[in-house]
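Read the structure below first, then the notes.
Going by the order they are written in, the chains are A, B, C and D; count residues from 1 in each one.
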Amino acid sequence: MNKGRMEAFSDGVLAIIITIMVLEIKVPHGVEFSDLTSLIPIFLSYILSFIYLGIYWNNHHHMMHTVKKVSGGILWANLHLLFWLSLVPFVTGWMGENHFAQNPVALYGFILLMAAIAYFILQGQIIKSNGKDSVLAKAIGKDIKGKLSPVFYIIGIGFAWISTWVSGAMFVAVALMWLIPDKRIEKILSE
Amino acid sequence: MNKGRMEAFSDGVLAIIITIMVLEIKVPHGVEFSDLTSLIPIFLSYILSFIYLGIYWNNHHHMMHTVKKVSGGILWANLHLLFWLSLVPFVTGWMGENHFAQNPVALYGFILLMAAIAYFILQGQIIKSNGKDSVLAKAIGKDIKGKLSPVFYIIGIGFAWISTWVSGAMFVAVALMWLIPDKRIEKILSE
Amino acid sequence: MNKGRMEAFSDGVLAIIITIMVLEIKVPHGVEFSDLTSLIPIFLSYILSFIYLGIYWNNHHHMMHTVKKVSGGILWANLHLLFWLSLVPFVTGWMGENHFAQNPVALYGFILLMAAIAYFILQGQIIKSNGKDSVLAKAIGKDIKGKLSPVFYIIGIGFAWISTWVSGAMFVAVALMWLIPDKRIEKILSE
Amino acid sequence: MNKGRMEAFSDGVLAIIITIMVLEIKVPHGVEFSDLTSLIPIFLSYILSFIYLGIYWNNHHHMMHTVKKVSGGILWANLHLLFWLSLVPFVTGWMGENHFAQNPVALYGFILLMAAIAYFILQGQIIKSNGKDSVLAKAIGKDIKGKLSPVFYIIGIGFAWISTWVSGAMFVAVALMWLIPDKRIEKILSE
């Protein structure tokens, strides 16, 4: 089984997901900047999802680096991850068009949570297939970010019906946590 | 003729097909979860088609592995397969939006059947071009799954006007048959 | 300049063009097969364009094979070709939705003609850059198909206002001429 | 970190952006050529954006050529560039559908400006990571075009509310400046 073609297919799907999201930003009919106002929440959702998909692509890339042989389990765990990520444009659109209403915000968090779980399963399949002493197994030993993310998502989902601002803050916090280069964030987290 | 570029093109088309299907899941205007209820059949259709395309990508990959030289026949048989698969988003949308009505379910089965036939033709072209003693010719010697699938599709199409549940069960059964790793399924089938 | 990345980009654009055309086949609201009747011309247009793009991808692939160095001229001639091909989904949709009305059929032929001219320019740039004794220069020495195609397109465009059947026959004839493997067609043409 | 996969992902995103723009050219319902008249500004916008994305792809390709190691900074600077380019189909649609009205023209220029800044940041990250004596650092020493482009964009944005013709001329001028092969333009600029 060829790792290269699995990477190429994943890259293709991620590139398409990240790009078709922009189709949700429907061109307004008016020519005033005020006609763009109603697009602001859609645009903010787009930015957040763009960053999330960028993070997934980046991490996916690093994780694949450690893979030596691709088992059937890895292949389907990978498709499972792509499945949840493929729903990101849908929830991004629902959340944005409804100006961060409670239910759409909660569903957005749910999809992020499922993607995180799918990523976790993929990680497990890779370690299972490449050995407990593999590079990946060692690298994720102290995977604080990986463990914190689902917690943040669950808090975000729960707060959706209390304050969507807290939910938003949670989702942004996870994105920032992954965006900031590893060394610095690990320093912060270990303080 | 370069095998790599044919794989890359096929990967690209499959990645796009699998991803644009999500555009059929139109963002609802309401913010209640009940507004998502009408999307459930669309969503279920999406999952089924996502799995089917994943299986095709996976099998396509394995089959291409055995190819040594790409003839004109292989190239057009491959485009013929991609043609039928490119219609999957359309029939998925028609079936989902109409809550698994009889005709759309039958057409869905028909497209699956045509894709299976196209796959069969592609297989034949590869064997023809690479010799009867080739890896692929030997591998598909006892191709029980490949022979059962069209039978299941035809049963599924026929039952569409009697009970769409039977049709659905047939289409899901074929997907499961291919999803379960080879050794186990072959054991089951040879019992 | 790297030939591989130009091929990858062209493959990507062609794969997307060929696949987004299917988005023009809008899912009908009814569940009767008669609801699909109005889609038949759209579907026929889709098949024709799918075959044309397949032929372009195939020929593009063969032509690129002979390229040794990629000049700026080749790069822009290639983008110029992709530009006209990117308009194929639009004219396919216009022709299909209007059941092969006169003007859309003529425009369809015009886009095919422009793509053929763009292909011709690209060929010229490659020969210019790789030498008159290059593989490509020799291969296209007796390029009967390349010379006949624009003639057929122009006849097809002209007949659009007399009989769209003739136009359609011209466009199908060109596609068949390229589809049938070289040796046979050259035999037919030289008879 | 693998340069190849970053190139492949960027190629994928650029190929999709350049192609989905065509979806903004909605198929008209009428069959007269006059029904296409209202599409002319959309079509002109499409051509301009197609050329801009072609230039970005071309330059991106050349710049990546000089990269030896891909740092986290390069990766995110690249995604930042792709983000602004992903908005090109939206502003192209808004500008085209509103027949080059003042605000859409200004926003179009703004997105071009942000993409130019993002490209500049990416350049900085590559030089930072590959050394001040790197190929890129030397190559952009006299980067007249890179310095002129933002000036032209800003003039274009400012003139949007005075004369959109001047804005359009500015945007076309930048495109031409990059399209014309280096030696000639540098000769012109140094005169």
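Simple rule for what comes next: a contact is a pair of C-beta atoms (placed from the backbone, for glycine too) under 8 Å apart; a residue touches a chain by one contact, two chains touch by 3 or more.
According to UniProt, the chain labels map to these proteins: A, B, C, D = TMEM175 family protein.
Bear in mind the structure is a predicted one, so any value in this text is a computation, not a measurement.
S.K.: How many angstrom lie between the CA centroids of chain A and chain C, rounded to a whole number?
M.R.: Distance between chain centres: 39 Å.
S.K.: Measuring centre to centre with CA averages, how many angstrom lie between chain B and chain C?
M.R.: The separation of the two C-alpha centroids amounts to 27 Å.
S.K.: By residue number and range, which residues of chain C touch two or more other chains?
M.R.: Each of 8, 12, 16, 20, 23 in chain C touches at least two other chains.
S.K.: Counting only chain pairs that touch, give me the topology of the graph as line, ring, star, complete or other.
M.R.: Graph shape here is a ring: one loop, exactly two partners per chain.
S.K.: If two chains touch, include that pair; go through all of them.
M.R.: A-B, A-D, B-C, C-D
S.K.: In the complex of these two chains, what residues of chain C are touching chain D?
M.R.: Answer in residue numbers: 1-2, 5, 8-9, 12-13, 16-17, 20, 23-24, 72, 75-76, 79, 82-83, 86-87, 89-90, 93-94, 97-98, 101-104, 107.
S.K.: Using the touch definition from the top, list the residues of chain C that touch chain B in their complex.
M.R.: 7-8, 11-12, 14-16, 18-20, 22-23, 25, 27-29, 31-33, 36, 47, 50, 54, 57-58, 61-62, 65, 179, 181
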